Every structure is written in structure tokens, then in C-alpha cells.
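Labels A, B, C and D are assigned to the chains in the order they are written; within every chain, residues are numbered from 1.
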Amino acid sequence: MNVAVTVNGTVYERDVEARKLLIHFLRDDIDLTGSHIGCDTGNCGACSVILDGTLVKSCMVLAVQANGSKVETVEGLADGEQLTALQQAFTDHHALQCGYCTPGMLMSATSLLRSNPSPSDEEIRKALQGNICRCTGYWNIFEAVKSVAR
Amino acid sequence: MNVSGERIFSAPRATVWRVLNDPASMAKVMPGVEGFDVHDSGRWTANVKIPLGLGGLRMKVDMEKTEEREPEFAKMAIKGTGVGAMLNMVTSFDLREADGACAMAWSAEVKIAGPVGSMGQRVLQPIVNQQVENVLSALEVQVQEALRAE
Amino acid sequence: MLLREVEYVKPSSIAEALTNLAANDGARALAGGQTLINVMKARAASPDVLVDLSGLEELKGIELGSDGTLSIGPMTTYTELMDSAEARARPILGEVCSKIADVQVRNRGTIGGNLCANDPTNHLPPLMAAIGAELTITGAGGERTVPASDFFLGVYMTAVGQTELLTRITIPAGKHDGFAAVTLGVDGTCIVNAAASMNGSLRIAIGCVDAVPVLIEVESPDTVRAAVRAAALHPPDDVHASSEYRAHLAEVLAERAARQAVGE
Amino acid sequence: MTTIAPEKVEVGKSLLGESVPRKEDRRLTQGQGVFVDDIKRHGMGYLHFVRSPYAHAHITSIDVSKAEEIKGVYGTLTGEEVASLTDPFFQIASEPGGRIKDFSLAVGKVRFVGEPIVAVVAETRELARDASELVEVEYEPLDALVDARHALETDAPVLHDDAGGNLMWEGVYEWGDLDQAFAEADQVIKIDELHFHRFNSTPLECGGALVEYNRGTGQWTIHTNNQFPGFAAIMMGPAMRCGLDKLRFVTQDIGGGFGNKITSHPQLVTCCLLSRKLNRPIQWTEWRTDFHMSMSHGNERWFRDTEVAVKDDGTLLGFRTKALDDAGAWLRYEPLGGVIWAQVTPGMYRWRHIRVDFTQVATNKAPVSPNRGYSRMQHLWFTERVIDIVARELGLDPVDVRKRNYIRTEDMPYETPNGCIYDSGDYARMLDIALDLIGWDSMGEKRRDAESRGKRLGVGIGSTLDSGTNNFGQSRMINPELQFSGNNEVATVKLDIFGEIVVTLGTTPQGQGHETTASQVVAEILNCSLDDVHVRAGHDSYWNSHAGFSGTYASQFAVTGLSAVKGATEMLREEIKKLASVIFGGVPVEALELAEGGVRIKDNPEAFLPFMACGAIINANNAGLPEDLGVTLNCRYVYRPPFEVPDIERKFGNLTLTYAAQIHVAVVEVDPETGYYDIVDYAAVDDCGKRINPQIVEGQVMGATAQAIGAVMHETFEYDEDGNLLTPNFYDYHVPHALDMPPLHTGAIESPSPFTPLGTKGMGEGGGAGIHAVCAAIQDATGKIVTDSHNPYHRVWELMR
């Protein structure tokens, strides 16, 4: 089936099978490999992207369902060389180690801060509940997101 | 997984025994049967599409009677091979006359392997109980039909 | 992660959706996909056609009637319900939805999908049974309404036939509700859950102990545990809980939900 | 979350000890990291494994014809082909385990659910899986052996006929004088059975590889996330009947390893064979369920018939126990687990008389391989359980029993009963800091507050050691014929034409920030800015910067990796000075110093030669330099830790170079009615010698803590009696999420190691301190003895009945 999906501002047209998941479309069909796959049951959130303004796990969306939609992935956050405040905060607070969950974390935190610029500690943890990390224990990630909250 | 129970059929034991030993009726007892062929009185094969809520599960089911004491006891080995699951089941039936009706005490040792198994025991056990319930109610229908035909 | 071949259609009306479903006995409705797509990844079961309901505006929306009854479109997401002013008429709905999985799942998962999937560990089937929701099912032959207590038939199986759709969830007015669960980690999958609602009598529905929610009615929270024992549950056992432990949790949580419902 | 910084040892301008931001972060926060599944090659075939649905069965027939007929399927590989094309993998074990025949695909028999049987390669991922469902395999199911305690019974199913039974390895470890100790004891505490459960660290990225075969040179380029290429090469070369140079390993970004990505050599061999057979690149990505069913489970270990010789005042004299270890279906790194625990035989305590009868058996479960805290975690859990059970039996406070028996600072370096030398540390002080961090003094008040809410409060301590930098000579205690000993790591540092400093490492970082800490060491020695130093990401055995033990495992980078970097950089420094002395017309080397990105004469700073000039001269303008100058500005250094081959008979000798210490305290609140419990407070104090980048070290402590909490509360690989894995993915294998995290207070002290060039100690595995602390806290809260390392709610409920 033919789909046209706008990803980080660029329109990509591809012919895809109905069974193709959005995460595979991003990684394999248009070579945006920033979003990752960490599980096969929709638990880990490494594939989180923002679809038409809504944070979703792209492993539970079919590519055909994204036809005509706007997708934002981690590759679209920075403005050229200029990292976002959140990306910079992740470095300053050592909020990443292997970096495999980081794209998903950044998308979840970005979505949170857009709707709630000054979240409480509990709201930050609740917003990141869908993103598994096995390296950091999350503590530094909470600090990084909190440091960007106004 | 061991499943067992007792069922009262309002029919003489002989009728229930006849149904249990008639491959044509037994094949109709299997959920979602699409075709079957009888090799001999003790062995038959059925192609079924077990109606799970979210989509059918195609399986080839081989049934073999392994033990028999007419009209009170029968034991069967059932082997189901499908792409979604591998089923190995040993089931036995004890039939007793109980004032005009027939009391059937049944037990089954069910082994399931393959992708279905990865859905978690707490989903699998209710599914098995549910399919066993369907089989018993279908058996009830076959027994009543056999009774009317007498 | 790699699904089997499947067809995909996106009807723009309920009628068209019903036609799509009737055209193939392997057709299944795709709501939020937070359960169905994962089952398809495991290839444990594979529909032949996916009928995407996201284009059906009639299945969305939450209305609050003058008599306090809530009418919820099945394609309403958990997040939409949590944010809805109308749904605050029955606070337990938003509270329970806020405990389901995580933000991403709640943004896409739907109330109707949760009910129609009827995974034994889901939160909403016992809640709807306890608060006495009414579920409207539309088929080629027209509409019929089924009480929640008759809606759930088995794992992934409800009164909604293969060629039918759940089109509306109606929730009577009420405020005295309770929900208690022991979960796998905070906001995790339920090991056992129980919902309760005080509406004249005290209705309690226990989840995760059978293929469908187990309903009991009692006079007061003090008799709940005895009533649960009387129901002679034999829940599944798995790595998280033995059958005996689940039966014990069922007693404790049913009582806690009941006390919350009567406001203790 | 509060972090107490250590007393500043010396606040110099030094870059060592500074939490500088990590170089790796720039690419990783923009999704520009390169993980294995990101790599694409024209015409590559996607590989999908047909895996066994049975735990134990003969394979009677395999038919791949239906699969191969499908358009777009490139080909398949079966166990039979592998058995003809390769030899069995080299076995570490002596008799009888050494006789098992391990190939990269199942041959004739399957031995655990999920074992790869046939590999199918196709044009797309989905087609490869579709085709794998058309491969027809006929099985003859056999009884499955799931409980290691039945493995040696006469009627137990036998996995490996070649080994003549399920016994894989056994050995007796005995030091000191047990009879004397038990004679002197006031009491002997008996503990029937303790069980350490099976789990692993489930890195978020599963295994994977993209393998290309070069027809001309007969060489494989293996892009992979294997974290111990040195070991993989030693296993794959002989099996594939090729020289190790034919196996080029390339890693860049790895999505977590934690030991679980050491033993992927069987899958890599299958990819290599297929890339040659089908003459196209092979892309293999392991999915979560594949990983759980088949990869690197942690050692499951029973400690039975334990006896502890103690004095009434809590002084510990010694213990004896029978350790039974479950290796799963294959020995892929085992039975090294049979000796690695001996690095920390006494734990942190001064008892001198110890005997362990160690037995390892095979079962129809996934093969065991290293997992964070490998084999030491199991033993340290055992010693901590013993301490808390002894304290309870004697009616003493666990804090006092620990303080009475901790090895004292003044005894350091301390030689343990089996010859390991604990280099430095102050365990008692660390315990005080930890207790202070969780408000030990106000614990009584907290207990009452919990009781008022119907909850039971419990406090538990977990004190562990991270033995770092293995002396591989200990493997000879497993098999005297092995020719391994010592350890090594390589680094190269060079000055490029335009003065760029380029560093290559032999390691395979999976989040430990090697590019950052390595550049801190280089910049410190060359006195230049961090930005001038470029550390190449990951590992490439083509860089000639690798050695037999190259890789990242077993908490050793801060010693082996950074010492290699220090060695290579110091060589470069001396070469720069040597060159400058010639350029400056014979100025003696001692009169020169490196500063501000160049070299100058100390008391005449204007005479300054920038690195760019040095690089240009040597690389592109070297006529006229003295014949015997011997300067290349391209230095390769191999760091070898100072080890001896241990005494095999007495099983005596220093098995690891450094001993970092961790003391954790957990506070739990248990709901007695349901067994549900929360960790309401947590403290972790760490001592790993000189810390190069404190923030990175603290990150490792946090990660180890979170994994330990997950393991003790939810994570377990459990099998039913037929050998089906009950937790095959994250649906049932619950790892900690954001909301599960308790408040954390961290502290640190620095006891520099006298044995390492930078005073650093290897750290990062953490010894499972969180498991011990939570088990002790549950024992305190429930008043019942905890005998299992895994305590989900239902077990806590059963404890209290």
C-alpha cells in the first residue's frame, strides 16, 4: 500500500506491506535508525515517537496507519548543531550510558514538557514509566528532566 | 497443566460410550473443525481452526485411543501441531451409571509449547479451560443427538 | 516483531466497517492496537483482515446525560477519558485508567479495545461489571444492549460477534466506587484486581481469577471475604502467583475495594 | 536523591577525578549512534532462526525444501551442514564436561526450548520468519530435566551422552583447618538449603550481527555487539578451521552488555557460514523473546548442608557448604563460574577456615554465561545470608556482627585464605556512611510509623566486593591443561600529520564511557585539552589494537584499559620530547615539558613546538633527522597486570588484581496481608579507588542497584516441568520501570589501589549488593529466615503464614 508520511518535516512516500510496523518503516524503509527496538511486547518504549503531536510507541502502530500523518523522532529534535536544552541536560546529568533507550526517553520527556513545562517529580516519573532503561536506574534521567523544567 | 472435572449427561452410559468411540461424532466435538479423516476406530485426524478471540489458530490434530475398558474407561493421546502452538495432551474418561444418567469423570494433562506459550500462563490457562468447556458442551450435543437417533 | 501477511481496511462509517467484518470470517476490528498488534507479533493468533476503526468519529466522544449517566464512545482513548470533564462525574473511571500501563499506551489504547480484548488481567472488565455498565452492540441486524455482567464470555471473547461492533458504553450515575489491585511493580500488569460499587447493594467484580470477571453481591464490606470464599475460585497459577495466593488476594482486594466504595 | 561527594583528596588542575561531560553523548542524544541493527548493506539477507519448541527431543528429520522454494528466500543452514563444515567449539572444562560436542546449530538433538536448529535467510525480515515456519522438523520428545538437584539421580534424563551423564564439573576447595575451627566453635549454625535464582540483565539491545565474507581474502568482517571479541575469536577460529586474523570484529555502539553479550559466538559462526555459502552479507537481529529463551542466563546456584563455626560473641571462624550450580544445556563460558567466585571466598570477613564442594550440572534450560556480578554475586549473597542468619540465631545485631568480622583497614593489603590479596579499603567506615544516609538512628521511629499504617518495616545490609581484572590463570583450576593465565589490554595513541591525537582501544564499551575516561588520561599526560583527543568509538580488530583478552567485561577497564592508555601515552610523550630535543638542537629531554598542545623548553617557553609541527615533521617532512632517532609518534602499549600462575593443587593464588567494595542498605515496608512490599529508602556507598570520572562511576553504582532491585523483586527465568520458559519476554519478565525506583542516597570513599598504575580499581558489576540488602530487609520485616535470592510478593506472603 502506498503511504506518504511526514517525518521531521520531510515527506517520505513508500509502498509498504500492511503488516509493516511504523518502527520498521522508520528504521528500514527511510533509514532513520535513531528510534530503537528493545522488546517484542510493547513494553520498553525505545521506539517512542510523537505521531501528530501524540507520544506513541511506534512498534504498536502500523506504517499504513501513519499515512498522511506527521511523525517526530529523535533525529528531528536538534536544530542543526544546536542541541535542545533537554539533550544538553541529559549530558550534563549523565542521564545516559549505552544510549539505546535515550531516543525514546528524549521523545517522552519532550512530549511531557510541551504539555506541562513545570512537572513535579511524580509527574516526571509517571511520564517516563513507559521507557525501560537497564543502565542508569533512571535517577539521573529524572534529574536531567527536572533541570529543564521551568 | 492438569485440568479435570466431572460432567453429568442425561443419557445412558452406553450412549455416551458410543459417542466417545464414534470418530465422526468426536470430530464434531473439536472446536472450529474444518475437516477430518478417520484412519481406523482408534485413530483419526482433524484440521481445526481454534477460534481464539483475536484470530484463529490453525492446527492439525491427531487423536489416538491408547486404552479402553468398555464401557467404563477410555484414554486418548491427542497431538496438535500448528504454527502458533504445539499441543500434547493425554486425556482419560471414567463413565459411571448414576440413576438413569451417566456421570463422566474426565482428566487431561495438557502440554503447550511454541509462541502461544509466550503469552503468559495466566492467559493460557483460562483459554484452555474455555476450550475444554466448549468441547464438553459440544459433546453434550452429540450425546443428545445420539440418544434421539436410537 | 514480524507479523504475518494481513490485509488492512479503514472504513469511514460503521456500516462500511460491518461490511468489511462480514466479508471475511478472519476479519477483526483494530482499535488502539495495544493488545491485538502484540498478539500478532507473537503470531499466537493472526487475523486475515484488520478493520481500522480510527476513522469512525461516531465511535468517539463522551457525553454526560442530565441524569448523570455517561455515554462513552468505545474509540475514546484512556488519555481522553482521563482528561474529560464529563468523565469526572464518575471519578473511578479516570483513576483506574491512569493506572493502565504508561503514557504511550494510554494515548493510543481505547476503552472499547480494552473491553473487547478482555485479557483476564485488564483493568476495565471488572470495573465495568461492578459499576453496572451497559454495552451497545451493533450488527447488520441493528443494535442491542447487553449488561456488562453478560458481556464477557472468555479470554479475548465477548458478546460482540465477529461481524459486530461495540458502539457505545453507557455508565449509570454513581459515585461510590472502589478499585484495588496488586500489580507487577507500580502501575504494572495486574496479578489480581477487584472493583466495587455501592448502588443499593454492594457489587464487586474480581479480575485475573478466571477468563471473565467474577461477580458477587453483598450487603456490606464485612461479608465480602466470606462471599469470595463461597465463590470457590480456582484461579490460574503462574510465575507471579500460585492459585492459592490469587484466591487469597481476591479476598483481600475485594474487601479493600468494597471499603473504598462505601467510603471507609 | 542526595549525593555526598567524598572529601576532596587533592584539588589539582588534574583532569583525573573530574566528572567531565561524556564525548559519547553528542551522537547518542541525537539518535546518531550506530548499533548493529542500524547497519545496512546492499543485497543483505535477513536471518531468522527456527528454534526448538521442545526442551529435550531427538531430531528425527529436517525438511527445508518448502522454505527454500519461496521466491525471495536466499537459503538455509542446518545442524548437519554445520557439523561437516566446522569442528565442535573448544571446551574449557576438563572431564567429563570437556567431552560435550557443541556446534552453532543443534545436531541430532535439541536440549532447551528456543535452541536454534535451522537458520533461514531471506530478502526481508518478515519473509525470513514466514519461511522459517515452512521448515518441517520432526521431533521425538524426551523427558526434560529442569531441577539441577535431580541432575545426578540415576533415572535423570541425560543431556550429553558424550559426557556420560549430567555432571559437567566438580571440585573441592578447602583452606585453613576446618576440624580445628569447628572444634573451637561455641556453636555450629546449620542451614539446610539456600537458593540463588536464575535471571540476567536483559540489556535493552538484544544480540545481533552483520557479517560480510570477502571471497578474495577469505576474511569475515563481523559487525557485532559481542563484548569479548578476544574470547569469541578463540572460540570461532578453531571451530571454523581458520586463523584468527580471518575474523575481523567491529563494534561501535552497544545497547548494554552486562556480560550477557560474551557468548554469542555460536550465532556468529552461523552468520559466517551463511555469508560464505550464500555469498551475501547476513543480517541477524535477535528479538527479545529469542534473547530470553536462549542467551546467557545467570548462574542458578544452591548452597546445601551449610555449617558455620561461630563464637557466641559473633566471631566467625569458618564455614563449609556444598554448592550445586546449574549450567543449563551447554558450557559456553562455564564452568569458569566454578572458580570465579573464589576471588571473593571470605567475602569481606576475616574467617580463615573454609571448604566449598562445588558441583556443576547440565539441565534442559538456556545455557548459563556471565551476568553482571558473574559467580561472585552468588557467593557474596551466600556469605551475606550466612551473616544475617548467624546474627539472628545468636540474637545479635547484624551491624555488630559485620563490624566485628570485617577485614580491617590496617590489615590491608589482606591475604585471604585462598591467596587473593584485597588491596585496600575501609569497610566499617563505609557501613557507617550508609547507615547514616538512611537515618539509622531514627529507624525505631520509622518502624512505629510503618506499624501505624499496618505495614512492617525492615532494614537490611548488603556488603559486597567487585573483584576486578581477572588473572585467567584461575581457569587452570577448572582444567589443568588450559594454557591461559594473566590478562592484558592494548591501546594505541598516535599524533597525526596535523597534530591530532588519535587513540584506539581494544575494549568494547557498552555505556561505560571509555572514550571519555581514556581521553581524560591522555589529556592529563600530554597536558592538552580534552577536545584535542579523539578516541575511536568501539573495537576493530583491524586496528592492531587488541589482544587475547581484549573486550569489556568483569569490571576491569579502569585498570586494564586505562593502564594501556597511560602506557601508550607516556611512550608518545617521551617520543615527542625526544623529537623536540633534536629540533631544538640537542636540548636535553629533561629540560622539556608538554603544555598547551605542544612541547617547550621549561625555562624558555617561547621555544614552543606545537603537536601539529611534531606530527608534520615525522609524517611528512622527516628528511635530515638522525638515523637512530627511532620516533614514530605512533605508540602501541600492552598492559599486563602483575600475576603469577596460581598453585593448582592448593587452589591458591591471587585471582584478581583489585577489590572495589560496595555497602548498600535497603529499607522496605511490607504489607503483611498481601506480601506486597515497597523499598522506601536506599543507600549505596562505593569505594573503587581513584575515580577518574566520579559521575560515570556513580552511574555504574546506580545501574547495578536498579538491576539488583529488579532481580530480588520481579526478575526470574522460571521453567515449568516440561522445560517451557514462563517469562520469555517483558510481558512476564518485569524489569524495574521509572515508578519502581526508591529514593537513593549515594556516598563514596576513595582507597587508592597500591597495585595499579593510576590507583584505580575495576568496578561496575556491583556484586548484587541490592539483592543481599533487600533479602536482609525482608528477613528483618517478617522475622522469618529468607532462603531465596528471589522474593516476589507471593513468596513474602508464604514466608509470613
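Convention: contacts are C-beta pairs under 8 Å (C-beta built on N, C-alpha and C of every residue); 3 or more make two chains touch, one makes a residue touch a chain.
As the structure is a computational prediction, the values presented were derived from the model and not from experiment.
When the interfaces B-C and C-D are ranked by how many C-beta pairs touch across them, B-C comes first.
Between subunit A and subunit B the centroid-to-centroid distance comes to 49 Å (mean Cα coordinates, whole Å). The distance from the centre of subunit B to the centre of subunit C, with each centre set as the mean of the Cα atoms, comes to 31 Å. One simple way to say how far apart two chains are is to compare their mean CA positions; for subunit C and subunit D this gives 44 Å.
Taking the mean of the C-alpha atoms as each chain's centre, subunit A and subunit C sit 28 Å apart. Residues of subunit B found to touch two or more other chains are 83, 118-121.
Those residues of subunit A in touch with two or more other chains are numbered 17, 19, 24, 37, 40-41, 126, 129-131. Residues of subunit C found to touch two or more other chains are 1-5, 38, 40, 42-43, 102, 186-187, 238-240.
Pairwise, the chains that touch each other are A-C, A-D, B-C, B-D, C-D. Looking at the complex, you find that subunit D touches subunit B at residues 53-54, 113, 133, 141, 289, 722, 724, 726, 728-729, 731-732. Contact residues of subunit A toward subunit C in the complex are 1, 17-19, 21, 24, 37, 40-42, 45, 48, 54-57, 59-62, 64-65, 108, 111-112, 126-127, 129-131. The part of subunit D that touches subunit A in the complex is made up of residues 1, 19, 21-22, 24-35, 37-38, 40, 125-126, 201-206, 253-256, 258, 287-289, 510-513, 695-696, 698-699, 702-703, 705-707, 729-731, 735-739, 741, 744. Subunit D contributes residues 48, 125-126, 128-130, 133, 287, 289, 673-676, 713-714, 716, 718, 726-727, 731-732, 734, 736-737, 739-740, 792-794, 797-798 to its touches with subunit C in the complex. Of all residues in subunit C, those touching subunit A in their complex are 1-8, 33-34, 37-38, 40-42, 50, 52, 54, 101-105, 107-108, 186-187.
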